[in-house]
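Letters A, B, C and D mark the chains as written, and numbering starts fresh at 1 in each.
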Amino acid sequence: GDKAEKKANKDEYKFGLIMVGPHNDHGWSQAHYEGGEYVEKHIPGTKMIYIDKVNPADRPGVTIPQIVDDMVEKGAKFIIANSDDMSDGTLEAAKQHPDVSFIHISGDHALTGKAPKNLGNLMGKMEYGKMMAGYTAALTSKTGKIGFLGPLLNDETRRLASAAYLGAKYAWEEVLKKDPKDLKFEVIWIGFWFNIPGVTADPTQVTQNFYNKGCDVVISGIDTTEATIVADQERKKGKKVWAVPYDYKGACKGTASSCLGVPYFNWGPSYVKNIKAAMAGNLKSEWVWAGPDWKDINNEDTSAVGFEAGAALSAENKKQLDQFIVELGSGKLNLFKGPLNYQDGSVFLKKGEVASDKQIWYMKQLLKGMIGQSSTK
Amino acid sequence: MTIIKEENTTISLLKDISLTALFVFIFTTLIITISGAPPFEAYENIIRGAFGSYSKFGQVIKVWIPLTLCSCGLLYTFKINLWNIGIEGQMIMGAVFGMAAFKYIPGTCPAALTILIAFIAGLTGGAIWALFAGFLKTFGGVNEIFAGLGMNFVAQSIILWLIFGPWKREGIASMSGTEQLSEPLWLSTFTKMRISPTAIVLTVASILITAFILKYTKVGLGLKAIGSNMQSAFMYKLKPTSYMLLAMIFAGGFAGLAGTMQVTGVYHRLIPTISSNYGYLALFVVMLANYNVWAAPLVALFFACLNVGSIQLPMVLQIDSSLSGVIQGALVLATLGVQSFKTMKKKRREYNNSNGRV
Amino acid sequence: MEEFNLTILFASVIATATPILLATLGETISEKSGIINLSLDGTLLLCAMTGFVISYETNSLILGFAGAAVVGAVISSIVGVFSIYLNQSQVAVGFVLTLMARDLAYFIGNPYSRIQGPQVAHMPIPFLEDIPFLGSVFFNHNFTVYFSMLMIFACWWYIYKTPYGLKLRAVGEHPGAAFSRAINPRKSQMLYVIAGGLIIGIAGATFSLSTKAGWGRPQGAEGTGWIALALVIFGGWNPIKAAVGAYLFAFLQTMGIHFQSWFPSVPAQVFNMAPFPLMIFTLLIINFFQRESIILLAKDKPLLKTILRKLDNTAPTSLGKPYKPDEY
Amino acid sequence: MWIELKSIHKHYGNVRANNGVSFKVNEGSIHAVIGENGAGKSTLMKVLSGYTSRTSGEILVDGEPVYFKSPEDATKIGIGMLYQDPMDFPQLTVLENFMLGQIKGFRNSEKKFKEKLKKYTDELEFDLSPNAQLKTLTIGERQQLEIIRLLSLGAKVIILDEPTTGISVEQKDKLFAALKRLVKEGKSVILVSHKIEDVEILCDKITVLKQGCVTGEMEKPFDLEKALMMMFETESKTPVRSKIVPGKKHIEMKNVSVSGGRTGLHNCDVTVRRNEIIGLAGLEGSGQGVFLRCATGLLKPYSGSVSLNGKNMTGKNILSYQKENTVFLPTNRLEEGLIPGLTIKEHYSLRQKSRSLFVDGAKASSDSKENISKYNIKGDPRTLVESLSGGNQQRLLLSFIPDDAELLLLENPTRGLDIGSANWVWELLQDFSKDNNSTIIFTSPEIDEILMIADRVLVFFDGKIIKDVKTDDTNLDEIGSAIAGKV
């Protein structure tokens, strides 16, 4: 029996998934984990090896090259590293294992030309999801005060926070026709993708602080679900507050009373595409930024990002949201269109100018009108 | 007569060790079973994870290095009866000073020289940090445990401030660390095991130096004397204060060296958790090694195996790798327990003997 | 956007302080009897995990709290047995336990991370909550908060106003003398270490069932134990002063978020560190004012004398020193 | 209530603190237990009060055998003890100290106890304020409180272990008056003391202990000389005092006050000249130890000044004193002189003078061998010092006196030595002093020894030097009464 098993193992195509957070975090890492499961289901003969919580706080002393070595020993031919944090390590490991294919999520080595042939990048166009998040938040908000629970500061997070702001601004000014001055959109950064006690600011406290300050919607930009949990607690105390979680389709589960909806990643289809290419031996070192399937952004076989409306979203606002999605999809509406200024007043997009992918990707500051740190000066 | 005595101690040592191991084995097996995983498979995976391949064993060595360095440092402070819990912070400050050297020494300086300066800087940084706790202890009367603990948190804040503030990556503020060092500043490594010969040589040298200092120099003897009875120090013209500070300098120096080693040899940058808890773990190591210079590296090796091997647990069995910490803790606790029972038994026997003579 | 609402600020200080306050009280009781329970940090986590897992499995909060309390008691009784009966260093054992309990919590709690579980319900106190300002600050919380506030006074009353408390202090001061006065020092030390452990256990469960509801790695309670240890010293082994310390710390922590916008160059988490320099400073002060020369200086200066008395945070005399009965 | 002790044994490991003690305490009497330091008096009393369990033997109370597991059991029967080392709580208040041991349950009965305390203080004419912190009280007042507490617990037999050490004369009178009153009421008192004078005034019967055994009993009227004989076995030693001409000022203390020890040292004014041999007399803990430690820089005075060879040394640490060739040998050999856990050879290694960083093992070996034979130490270089017998530990310590020592401060240098060895040591020291022109200051509990060796005697009482006299101008009686505070 043992031998047969080994033989069967030999025929398997193993791919390794390295996750920064717990695979059951109801957030970023779980979305990847389920993407991996999707691959196992849709490409027969593939098998996922995974390790989660790969970050220096949870696994002190453990490095990406080390894990990759181990996964390769276990037979992995394809490695996915799911955090921006793993950028240097993945590059190092890819150079050490030229015959193994690597995908670094959210990175840009393939874009900057640093990447060896066996390393590609993949990311979803979450700015659309975040626009929807901002849009629903502003539609729902009574006070016009919206908090954005930011992770760490970099191009990606600035991009996503700005996108959420643009969505909110659009809803506030164009849909609700309210005074632009009454919309207050504040970002607070905790310092990492999730809470590391003593190292990052505590997201629970940051969220509570938002609500205490009069925000009634908090948009989460972090990998874990503190925002919705706090929103739920506050609701039980009788406060009318909402939250928008992030990353994972099932993030609203259990906190229905406060959850307006969740912008999420659907990694499965992109993974399948990449792994199939790798199996056929023609995976290229590419920088891929996969967008939603505008026909049905929640189609699990085609759309890379989606927005799952939550139970707390009113029927009326849901209708508005659907309209908004249609407009975005048709290209009729482009929120990254000038005039837009950076926070310090310098010009981001001139009047009428439409941002290129690269401009959006390398977002150097928050946008004018947002409150919060743009960069750490 | 002495020979018989020695034989006895060896046998009883073996007896103690097996008794301790048995306790721990039963305890961990129970814990793993409770968690719903097969215990023997877990053990097997840990062993394979540590010895399964060159690169895995190389990884073990990578953990062994800082652990052993910190243990060497702690041997000095334990010798003089100080509980240097601040070792963690000392390692952090070593890393910070080392990183500062890398950052501010111009790139025109030869890499080898830069690395050397960084090591010296790290050693100094750790020592300075240890001295703070030492001064608080000797001149301020603040217990070294609380002083050290406090200094750990202060060090943690400093490293965070640097990483989120002045030393952040361009446009980024993340706990993932500073910009990477340029490759020439990495410690070069053997290809297969990916371990650095420099690091190994330094570590082995540290063990030998520590053993030599503690065994053959007046410093070692003085530390032991003051540690055993501070009240008598004046008879031998020993200054307890100076010796305590000296021990702290040694401890901090070795810890600082370990910190710099993590920067140039492992992470190639500064990260907030650069000390990886190795300082705290080294306290375990030294306790378990019964404060013996030769046993400490072996225990450190064993602990490193547990640490590295346990990464297999989540990958293969989907259980948490913190099992290694549980085993380590249980080992130290069981050792302390067995020790106590032995002294109690011995005392009881003496008591009974003296009764019998009445 | 920084309009301050003091009511909300203070209410949230009271609420966030709850678990750390309870932990501080538990440790104070234990240390008052002479035993340093250094396992605090790990114990809190293990109890948080236990509380969450039990409540989740049984759907009973009471069982969760009870289970956590029992675990807290078990860990502290290990510290007790090793230091009181087996003559091992309290520090060594406590330290080993703190790391081990933490890892044990992560190990056993792994399957339960990041799932939605039961939480303590919000429970404003009728009528009292309507008092302006005070009502919202003190009486608009959940049960754990009221419990912690009650415990401050309960502990204070027990320690300073009852015969039992007198005996507790006596043991911490001079176990040998306590023995000559019909007190069994070992038994009472054991008892109070365990009592402290029970409270610490409840503190842990308060984290996972209320303050930072849920379990995960990290849970968010990490590091609190060390802070509580510092606060015990800061509070001079007096429950009320310790509580003031806990609230002060919670205030600093809450303010830390505001500080981010006021001092953008200082990361918020730096403010978490505040208790530690304070602790060291307190210890320095304690020692400084016990110097012969200072006491002499104050001899005929009433003002200086009162200041000294106020600052006198003397530790229980036999704190951390093992008591050995006069025989074996 | 009468008590009989039958063949009490108490062993601490190898030490036989009590080795078969038997005697009887009558009802309504004051019974004295006297003996030299370490005779086993305190141990015996702790056994009787239930604080310590006995190794073997029997205690009969009113003819009934009793066994005490803790002081509580003894208190119940009516035996209470005032311990030599204070067994009270300086951080707590007088009232709290009084209540401890009497209170039960949850009820706060402060009021009741306040009244009770007042009743007793009035009765015995003590003056104690219930809310004062105990640490602000004098030793004498703390003893008064303890006695009251014992009475309030219903003690019928009160044991007092060295109650007169460290209290003032008025307090002593007060105490004795109170004790006499109690005895009249039918209570018994056991008084443990060094002070034969106190015993003479107060007691009805004396039991003398030596080395854990009863060496004599005596009823009133006492023959004090005989009692002293039983205590100290004062065999005549060969008088070896040598006439010496004092030289220049060696050490000078001006109005020095130091805290430490039981009593501290107050306003000490002394000048010692070179070549003098000075004996410090006084009860243990009357300030002699503090004096020596101050003279060697171990304790720093909080007022006054110290000078050595004309140099001002005030506030300097011991190393500076050692540079002036001062040597101090303490009496607690294992606590303050030797280092348990280290071998004889390691001790000599530590004392090596060379500036080299390395231990010269060969030299340490030869040093230890040489000294072992010179000082007749029973052990070898590899012996751990704690396993040497007390006498040999003392010899080892004496061997540490360096050749260039000028000021020798010796605390009880012949402690634990038999008479032959003691004489040998003194011969050695005197020769040394002659050869090196050095000064010796030593303490001894035995007046005889002091009178025999010293040129000059300083008598300490309650932290003060109350007599400073040439040996030729005084005698045993005078010194003896000075020791007890009568000048």
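General observations
In the analysis below, contacts are C-beta pairs under 8 Å (C-beta built on N, C-alpha and C of every residue); 3 or more make two chains touch, one makes a residue touch a chain.
Because the structure is a prediction, the values reported are computed rather than measured.
Relative to the C-alpha centre of chain D, the farthest chain centre belongs to A. Looking at which two chains touch through the most C-beta pairs, you get B-C.
One simple way to say how far apart two chains are is to compare their mean CA positions; for chain B and chain D this gives 46 Å.
Chain centres here are Cα means. That of chain A falls 39 Å from that of chain B. Computed centre separation for the pair chain B/chain C is 29 angstrom, with centres defined by C-alpha atoms.
Counting partners per residue, chain A has 53, 57, 189, 191, 196, 198-200, 373, 376 as the residues that reach two or more other chains.
Among all residues of chain D, none touch two or more other chains. Those residues of chain C in touch with two or more other chains are numbered 217, 265, 267, 269, 272. All chain pairs in contact, by the document's touch criterion: A-B, A-C, B-C, B-D, C-D. The part of chain B that touches chain D in the complex is made up of residues 216-219, 221-222, 224-225, 228-229, 231-232, 234-239, 350-351, 354-355, 358. Within the complex formed with chain D, the residues of chain C that make contact are 161-164, 166-167, 169-170, 173-174, 176-184, 292-293, 296, 314, 317, 326-327.
Within the complex formed with chain B, the residues of chain C that make contact are 38, 78, 82, 86-88, 91-93, 95-97, 99-104, 106-108, 110-111, 217, 226, 229-230, 233, 265-267, 269-270, 272-273, 276-277, 279-280, 283-284, 287-288, 328.
Residue ranges of chain A in contact with chain B, taken from their complex: 49-53, 56-57, 59-63, 65-67, 69-70, 73-74, 84-85, 88, 151-155, 189, 191-192, 196, 198-200, 364, 373, 375-376.
Across the complex, chain D meets chain C through its residues 46, 49, 51-53, 70-72, 75, 81, 83, 86-92, 96, 99-101, 103-109, 259, 302.
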